[in-house]
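Here come two complexes built around subunit A, the first alongside subunit B, the second alongside subunit C.
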Partner chain A sequence: MKTFLTILCCSWTLAASGNSIIVGPGLPVRSLKKAIELAKEKDTIRLQAGLYKEGAIILTKSLTLIGENNPVLDGEKKYEILLVSGKNITVQGIVFRNSGYSAMNDYAAIKLVDCSHVTLDRNTILDAYFAIHISNSVYSIVRNNRISGVPASEQLTGNGIHLWKSDHATIENNHIQGHRDGIYFEFVTASVISNNLSEKNIRYGLHFMFSNDDIYRNNIFRNNGAGVAVMYSKKVRMEKNHFEENWGASAYGILLKDITDSYIVQNSFLKNTVGIHMEGSSRIEIRQNQFRSNGWAIKVQASCDDNVFHHNNFTGNSFDVGTNGTLVLNKFENNYWDKYEGYDMNKDGIGDIPYHPVSMYSMIVEQNPTTLMLFRSFMVSLLDKAEKAIPSLTPENLFDNKPMMKKLSL
Partner chain B sequence: MKRVYFFLFICGLTGLGACHPGPAPFAYGKDICYTCKMGIIDPKFGAELITQKGKLYKFDDVICLNQYVKSGATEEKDIRQLVVVNFEKENDFLDIHTARFLVSPDFKSPMGSHAAAFSTKENAEKLNTENKGQLLTWKELSAKLD
Partner chain C sequence: MLKLSRYVLYDILRNKIVLAYTLFLFIVSFSMFRMEENGSKALLSLLSIVLIVLPLVSLVFTTIHYFNSYEFIELMLSQPLSRTRILLSEYAGVCISLLSAFWMGVGIPVLVFSPDPTGLALLFTGSSLTVVFTSIAFLAAVRSKDKARGIGFALLLWFYFALIYDGLVLLTLFAFSDYPMEKFTLLLSALNPIDLGRIFIMLKMDISALMGYTGALYKDFFGSGQGVLFTAGIMGLWAVLPLWLALRSFKRKDM
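Here is the complex of A and B:
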């Protein structure tokens, strides 16, 4: 009786977790399409090492698809490799390569449409148009994937991880390179992007449009064509990210356009043409960031208001702050500026005279970029000094009233 | 003699000045849109405004061009030409007033106008396979984009 019960118990557990179907060359089931056809809900398909050229594969059942020893799904540059639509699906450990290109449709190596709770884990995607394309989906998880595009075919490459009209997505620990935009969000809410490395993409490392209530933290955006763009969004938290080496006439660490009620906290901006470029943005708190060795640490257009910059470190930047108007509605306080030449008589660590971070020369350059040629010339230094004594061109009320004497430890 | 050279020199200068300004090809991945500041990268969409003095403004989507024109930053009398990228041919520019637009959710233009430009009505209709799209002139589209 006891044995019988045990067996019953075991078989019941097995049934609950589903059966396993093993797919591989030389095995009874050789094709992934066949396995998906045979599988029932909650089954697991174990794809063994090998090269599979099966065209477009469609997965709509709640399955777990696991690649063992890096099996390769090849799209032969013609097909969208895997289309997923459904719930509770996992795709793991598979190499996708050579997915197709189409001028009209956004072909992707993995496409998720109308999904909930789908996980893409530890996959490798090579030479795709779009690598991962997610639309109308909720609770998607994209983690530990390696994505590498073909930078040679410039504008004919799509985005690495592309999300559209989705919410509650988690994008973590991915490495993306060589795509148009590394990570792209349009109409995506309540989602988290963390610990990703997005580099050497043609346009932006991360591109946010119309996406509210999102967080991105601990990411590295390095050496992308134009840095990172966060546009037309509200309530975005940007924390502990690294924006590095985005060089070029229109490259920015972050480009903020029409952003409101957001936080930029504890990030580091290193060696960018412009660290942060702000346009039409309001109510953003920018604190505890490092701005080091940038052309401009910050460019604030006159269309920005109610932004607060406090407790940041500005070191080794050619220009600290640039602006295009004399009206200033933003506040700078308690920052450390390495160009500050003031004194601290009462030894409270705060400089006794305000620091004006906008130099006259940066105003001239803003209006006439070619004058940058004269940078570091004797005349320019002389003019800057004169302007400091008698301000005329620079916005009088853009200053840090409490500049720190010592670099903040962040 | 000197005078003749001087005269020729002046003629040369005026000749340069009379050089007809027209649309310039996009440097994809380098140019940015004047309105939205995004990098221009999609060769199927885009537009340009050329002023009487020959200054060129580039846009990644007609919605951005429309916004700029309506803003009045360049006065109407100073606009020499408005051109739009031919959806079917890279770096081929069509005059915006003769181009025909097909607006359909199938067209994923960078800033969401969903409008593609074609040289003729027939070419546009060829891509309107499921009849989801709307065929418009610039005047109609521009009114719609507000």
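Here is the complex of A and C:
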């Protein structure tokens, strides 16, 4: 409500400060291009309901473009529909569909180049190659948009919301589906991604490269081809997100590659093939997360160091932790593991014997994936028991010294 | 034939072993569901009961029963009855008693506490394994000369299916780890009813883990309607084939 009021106030003040041009079928100004030509800085263009096929539209003035009753801008599968470059521009309430496809250019339904303070609000984007493409822009706001693509192959489909070399962007409350990557960040700093739903994208729900000091929270990433990938970044905060049902041989709740000094807090990982996959990552604090019904809750490669996993709940996972070596430079503490079989003599809620979350069989499966066929067989449980008594294959130093006896309420 | 089966059933009920077995299954299942806070963990523990205890009991009980009722069978053979009918009545009697023990002991608790796809898969696997191992036990019993050898043979079979086979599979998979073995493991799983039943349950229980690697193949195969038919078909084959072989040697046997 509050945001709504703010938007209302903003649009009112903007409208008050300039003139208003109404565009629509049967009105004096019928074309959006014409209206943009006529408009002066700070004017408002009110686009009435109707179908507009105007090819590529370029907007460089500080205007407010408001769609009333869902006007449709159609790119006829040939054009980049709207190119925006400038500052203090708002585009709101318009349906964009059928943007062009090109193997040479990243055609988008809405493209922002060299912008500052541009707001894209409540737009609907259907069947686009790239839906929203932002480059070299600051203080962009993308919110309340509904983006839906037609998933083809990775080469023929663009990203839902694509940001390149930007900072201070806000991406919130969008619903993205059916694109290559739902949200794509490259060289984007000091930005916030919140309350988005990114699902059924053919590659990643969120793809993050070389983007430091960003926050993403309260998002839902569901059923994407390969989950979420966060790569080569520093100081990223991931809070209260839901990672669900990312299934496949290389699908992960989150894939962390070369991430340092970051936080993964209060997220939930449900039914992923791998909850968190870590590679070459350092100094990440992972706490208060829920790992439920995943194939592997966490896979930590031996190339990770100084990561701390504490106060997480691990329930109903086929394997709790998997790793590919015996070197362990990470710390596990105060987690709840539903497979823990120890006791608590002094009743302080902390188990008296350490818990080894890496089972022998997860090491075997890591070496030879086909042997997953024998999982849960009598022989495998015998092997696991034998390994617990005399560890030989599993890393001795990977253990939780203070496992919780009761599930943590998070 | 029905009359004969009824006598067999009465006989089995009178010696109370099956009643004890039912009670054992019921107490174990019930306490598992009461002890574990979530149903899926209890199902996990029940899984090992179904995969290990069920085949063992089916094998040993059937073999002992066959040799204990040897005199009864001899008596029946002196009557104008076909050998096929006599053995099939025996089989039906034992099978029905073991199946009802399983359904009362495990079926009821599962249906009460965890009536989901995983639970139903467990019941399907349990029932199939009971039928299959009863028929394997008949083969072992008919082919053996005396009770001691019969039980020994049955135990050996149990060892093979529950433990040795999986060990051999593991060895094979490691020996040929450089080759694509995915399709081959499908064949391997069909060669052991316990493995087949286990994978069938795993598809419900560990679907997330199975989706990686070879799992996707399993999911595509066993998860489809075709795969369910395949599992049921192979299980049926495992039940019918040993019984048919047993019938063949029973018909030619010099009692």
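A few comments on the model shown:
Everything below uses one rule, namely that the second predicted complex is superposed on the first by the 390 of 410 C-alpha atoms of A that agree within 3 Å, B and C clash if a C-alpha of one lies under 4 Å from a C-alpha of the other, contacts with A are read in each partner's own complex, and residues count from 1 in each chain.
Convention: a residue touches a chain if its C-beta (ideal position, glycine included) is under 8 Å from a C-beta of that chain, and two chains touch if they have at least 3 such contacts.
In this text, all values refer to a predicted model and were calculated from it rather than measured experimentally.
When the two complexes are overlaid on their common chain A, residue A:N368 makes contact with subunit C while staying clear of subunit B.
Partner contacting the larger number of subunit A residues, of subunit B and subunit C: C. In the superposed model, A:A249 lies in contact with both subunit B and subunit C. When both complexes are overlaid on chain A, the residue A:D352 reaches neither subunit B nor subunit C. Of the two partner chains, subunit C is the only one that A:F378 touches; subunit B does not reach it. Using the contact criterion defined above for the overlaid structures, shared-chain residue A:R203 touches subunit B, although it does not reach subunit C. By the touch criterion defined above, A:E37 reaches neither subunit B nor subunit C. Residues 248-250 of subunit A are contacted both by subunit B in one complex and by subunit C in the other.
On subunit C, the positions that touch subunit A within their shared complex are 38, 40-41, 44, 47-48, 51-52, 162-163, 166-167, 169-170, 173-174, 177, 181-182, 185, 188-189, 194-195, 198-199, 202, 205-216, 218. Within the complex, the subunit A residues that touch subunit C are 247-251, 271-274, 293-296, 315-316, 318-319, 338, 367-382. Residues of subunit A touching subunit B in their complex: 103-104, 106, 154-155, 180, 202-204, 225-226, 229, 231, 248-250, 255, 257, 277, 279. Taken in their complex, subunit B has these residues touching subunit A: 28-32, 36-39, 41-44, 106, 108, 127.
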